[in-house]
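There are structures below to look over.
In what follows, chain A forms one complex with chain B and a second complex with chain C.
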Partner chain A sequence: MTYYIFTLVFFLFDYFILAMGLNIQYGITGILNFAYIGFVAVGAYVTGVAAMPANTVGQHYILGLGLPFPFNLLLGGFAAMGLSVLIALITLRRLRTDYLAIVLVSLSLVFYDFCNNYVSLFNGADGLYNVPEPFAKTLGLGSNNFIVFFACLTGVVSLIMWFVMSRVMRAPLGRTFRAVRDDAVTAAALGKNTFWMQMKAMMIGSFFAGIGGGLLIQFGGSFNPTAWLPAETFVVFAVLIVGGAGNNIGMFVGALLVETLLIHLPAFLPEIPGHPGLIEYIDTVIVGVVLMVMLWFRPQGIVPARLRKTASFGVDERLDEEAGELDRTTALAGVGTRAEATR
Partner chain B sequence: MTLLWLSVGFGLVTTSVLALAALGLSLQFGITNYINFAYGDFMALGGFFTYFLNNEALHLNIWLSMAIATVAMGFFGVLINRLLLGPFARRFTSSHYVLIVTFGLSLIMLNVIYSIWGADVRFYSLPPGSALHIGPLLLTTSQLIVMGIAVVLVGAVHTILQTTRLGKSMRAMSDNGTLAMTSGIDTRMVTTVTWFMSGALAGVAGAVLGVSEGNLTPAAGELFLFVIFAAVILGGIGSIYGALAGAVVIGMSTEISAAFINPAYKLDIAFVALILTLLIRPNGLIARPGMT
Partner chain C sequence: MPALHTEGVTAGYGKTPIITDISVDAEVGRVTTIIGPNGAGKSTFAKALVGILKPMAGRILVNDVDVTRMPGHEIPRHGLAYVPQNDNVFKRMSVRENLEIGGFVHKGDSSARIAELFEIFPDLGKAHTKKAGLLSGGQQNLLAIARALMAKPSVIVLDEPTAGLSPAYTSVVWEQVARIATLNTAVVVVEQNVERALKHSDYVHIFVAGRDHVHGTAADISQLDLPSIFLGRSHAASTT
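Then we have the complex of A and B:
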């Protein structure tokens, strides 16, 4: 029982982190990152191989540094961030939304295909397993106690990340991100380098993705390519949209409702005899339907992003940073409704 | 040398499948201006419906089942547009929402297919055919029929677009939807017809993909989707003739490269083509005006 509860707690906090990362990219800056799970996977793999010893019988992988816990996790985060720089350089410069979405979806399929086939990188289709559990030896934890301990640790990590993210979102940087999302042309006209802003959002978001992925592999001890087909990106989008794009509390609520209640709770149901995996399939269909219903009836999510106060037009030394905020029609979580068209 | 000619033969078949699929995706994108991420699952559904008629329900001939499934998928496309995508596209001007909805639709369709048919690999029952030597190429009867279907359907779409009033309206809408509407074109009707064509092409492409690959899995459409994307972007998104050109390049290059490198990486060849296009000529071979 403790095992179940703390597994759910772990996924709650982990998806909170993942959703915050996607939120800064999509909810705040408006980059439709359909390859998000690719960055999570890179974070997970790098965290894993950084923790594992140089050689393990029966597994092929690169690095194998045997780093202790927080350092391998950070390395995973930075690896995801580095990859995002590379991808942003190729894709962000001149692609409009749907091109970008296509390229990113393709990219996530290629990551999958490549890792699946190129065994010496991350052990191919088998994935990594027997990744050392952090602190389990030093603290002498059994597998049940480890789950409790690690769920709490993830909670602490997610609180730190939440603190950092809410600072970023409140800072001038966050306002500029929103300005780029609402009207990139206006933001550029006011002297903002929109490409660089989107790049920063990609980097911050991917770091969160990498950390979230690293925690996943440390919790389960294994990771394989089937765990990150595009469907998994969709789950993070569902968390984001159900919770309410654009604010962090919403991400927590979304993670609780979608990831914990809709996805992981049914996983504990017994299988229907003769139909392996049927519960999971139906469950995924339900997640898709819930997302569509939410988008139609409450596109701002359960916890909508609050409207920000308008900067005054008087002399204000911070005005340059807030100028993008003048465009307020879409302030409700970036919902471009009919109002935007008639603007 | 034999291996090379063999892979050229495979290349022609893959090109045929890809051309059908890319044509359907481009037609729909040109009219509605958003990408349908569920397109790969439309293909899978078409393939499995064909399988249902061919192996489970009526035990019809494969080509007859394919024809019925094609028409059925056409109506399915119209239905999806009427009930789901159309309303979302009209309600939200920002294309993000409808993209997320198609992404979700893809997941729903995939899992519905999994729920009904399971994750097992399926096989069509094909009439026994013999391998034929055509010049240096070695092709089976069903591969030839697949190519024939592609040539006939691509020719048919071309004729519709270039000679009929409907085709003219479609091209007008694709160039400028608002202008087309103010010129008195019944855009709603044109959209419906386009969805029918797009759905039907997806259905037939899914079925011929099953024939050409020799097996049928629910996830096959999703993986193939990305090859279609590569073809469509290489050709110039929304440009129908560009999509065909892209299909030829991607179809031939993925199969011929498989003769020289590990075939497991043939998807990655398509991806390299995609990235190179984006770096060198992001608007594609045949750029559509105003689409930067």
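Then we have the complex of A and C:
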């Protein structure tokens, strides 16, 4: 029972981190990053190979640095960030909205096939396994104890990252990200370097993706291409949309509802007699239905983005009813992200 | 010296020029308006001024600084502000946040400047916590103008600030445009409404088919056969 509960707790905190990363890119800056899971994978793989020894029988991989936690995790985060710089340089200068999304999903597929087939990189389709468990030997943790320990550690990491992300979103930088999301042309006319702003959002979000991925491989001890099928990106999008794009608390609520309760909890439920595997595979259908219902009836998500506190007026006004109507319009008509395309 | 000076500007999309050899001066304290029929290149000229389009030929000087080849996001630092036509506010941000984001040029607290602008635009002051997307079209245009004024620009370019507004709100916007000119600012307005433009402007350029067909004071331009010019039947010479 402890194993089940703390596995769910781990996925809650890990997807909270992943959703915050996607939130800064899509919810705050408007970058439709359909390659998000690719950055998660880079973080996972690099964290793994950074922790593993130089040689492991039956596995082929680069690096093999044998770094202790959390240095290997940070390396995974920075590797994902580095990849995001490269991808942003290729895509963000000339592409926006739907076209950017198409190119990103294509790059994600290319990267997926590359990792799957180039065995020397991250052991190909078999992926990495027997990745050292952080602090397990030092603390003398058994496998069940390790899960409890690591779920709690992930909770601490997610709190730190939530604190950092909240500071970013409240800072003028976060406001500029939102301006770029709403209208890049107008933001540029106000002196904002929109390319550089989008690049920053990509870097921050990808670092979060890398850390989330790194925690995944450290928790499970293995990671292979079946763990990051390109469609997995849309699970993180579902977390974001259900929780409420633009709001970090919404990311936690989305991770709780979508990732923990809808995707992972059913795997622990008893089988339905005569329908083996049904529960395990029906989760995707349920997530799809929930997503459609949310987009139709509450597009701003369960915890909508709040208007920022205004210093001199001391106002923190939440205009749920009106804001919901506006968000419905923007969600359905694409106002904001497509404003420049109409010019 | 005019705050904005353009010399022989030619610009367009791809390799096709839309405007050719345009020379316009805008001086502080004066409203300079560009009018003309649809497709005359008025908005293209505005976009060239603010760096959205790079001119194929000619020069653009703001406060005697050549900004012709400058990236669009660097031009506002030299004193030129731009208010695009339609969809010109950050809809999901509050009125106050919209204004704060316009005050980036000057570091430090922008509250004092915001308070000044709320005196000029009292409607915005009343709605300062509202999402900008929930304002009326006219209020949104005023917010976009106020946001551009946050940086105390010496030149402000307004691209059809009254497009789609009711006659009542059109008057409000034009009154504010005239008032802005008194705030030590050169105002350049791209406008479709000829009657309003002539009433509130000091100097007028009429663009036809991508060229500066005729220009002069509003009083002089009022004397011309404008319907013929707009319909392409007249070849009036410059009144200057």
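Side notes on the structure shown:
Everything below uses one rule, namely that the second predicted complex is superposed on the first by the 297 of 343 C-alpha atoms of A that agree within 3 Å, B and C clash if a C-alpha of one lies under 4 Å from a C-alpha of the other, contacts with A are read in each partner's own complex, and residues count from 1 in each chain.
Here is the rule we go by: contacts are C-beta pairs under 8 Å (C-beta built on N, C-alpha and C of every residue); 3 or more make two chains touch, one makes a residue touch a chain.
Computed from a predicted structure; not experimentally measured.
Once the two complexes are overlaid on the shared chain, A:261 sits clear of chain B and of chain C alike. Using the contact criterion defined above for the overlaid structures, shared-chain residue A:5 touches neither chain B nor chain C, since it reaches no partner. Of the two partner chains placed by superposition, only chain B is touched by A:90; chain C is not. Once chain A of one complex is fitted onto chain A of the other, the partner contacts of A:192 are limited to chain C, with no touch recorded for chain B.
Applying the stated contact rule after C-alpha superposition, one finds that A:179 touches chain C and leaves chain B untouched.
Contacts of A:171 after superposition on the shared chain: neither chain B nor chain C is touched. In the superposition on chain A, A:30 makes contact with chain B only, not with chain C.
Touched residues of chain A, counted separately for chain B and chain C, are more numerous for B. In the superposition on chain A, A:292 makes contact with chain B only, not with chain C.
Taken together, the two structures place residues 330, 335-336 of chain A in contact with chain B in one case and with chain C in the other.
Those residues of chain C that touch chain A in the complex are listed here as 50-52, 71-77, 81-84, 87-94, 96-97, 100-102, 104-105, 111, 114, 128-131, 133-134, 144, 147-148, 151.
The touching residues of chain B, counted against chain A in their complex, run 34-35, 37, 84, 87-88, 91-97, 99-101, 103-108, 110-112, 114-115, 118-119, 219, 222-223, 225-226, 229-230, 233, 237, 262, 264-265, 267-268, 271, 274-275, 278-279, 282, 292.
Chain A meets chain C in the complex at residues 172, 175-176, 178-179, 181-183, 185-194, 246, 305, 307-308, 310-313, 315, 317, 319, 322-323, 326-327, 329-330, 335-336, 339, 342-343. Put simply, chain A touches chain B in their complex at residues 26, 30, 32, 34, 90-91, 94-99, 101-103, 105-107, 109-110, 113-114, 117, 229-231, 234, 237-238, 241, 275-278, 281-282, 284-285, 287-289, 291-292, 295-296, 299, 330, 334-338, 340-341.
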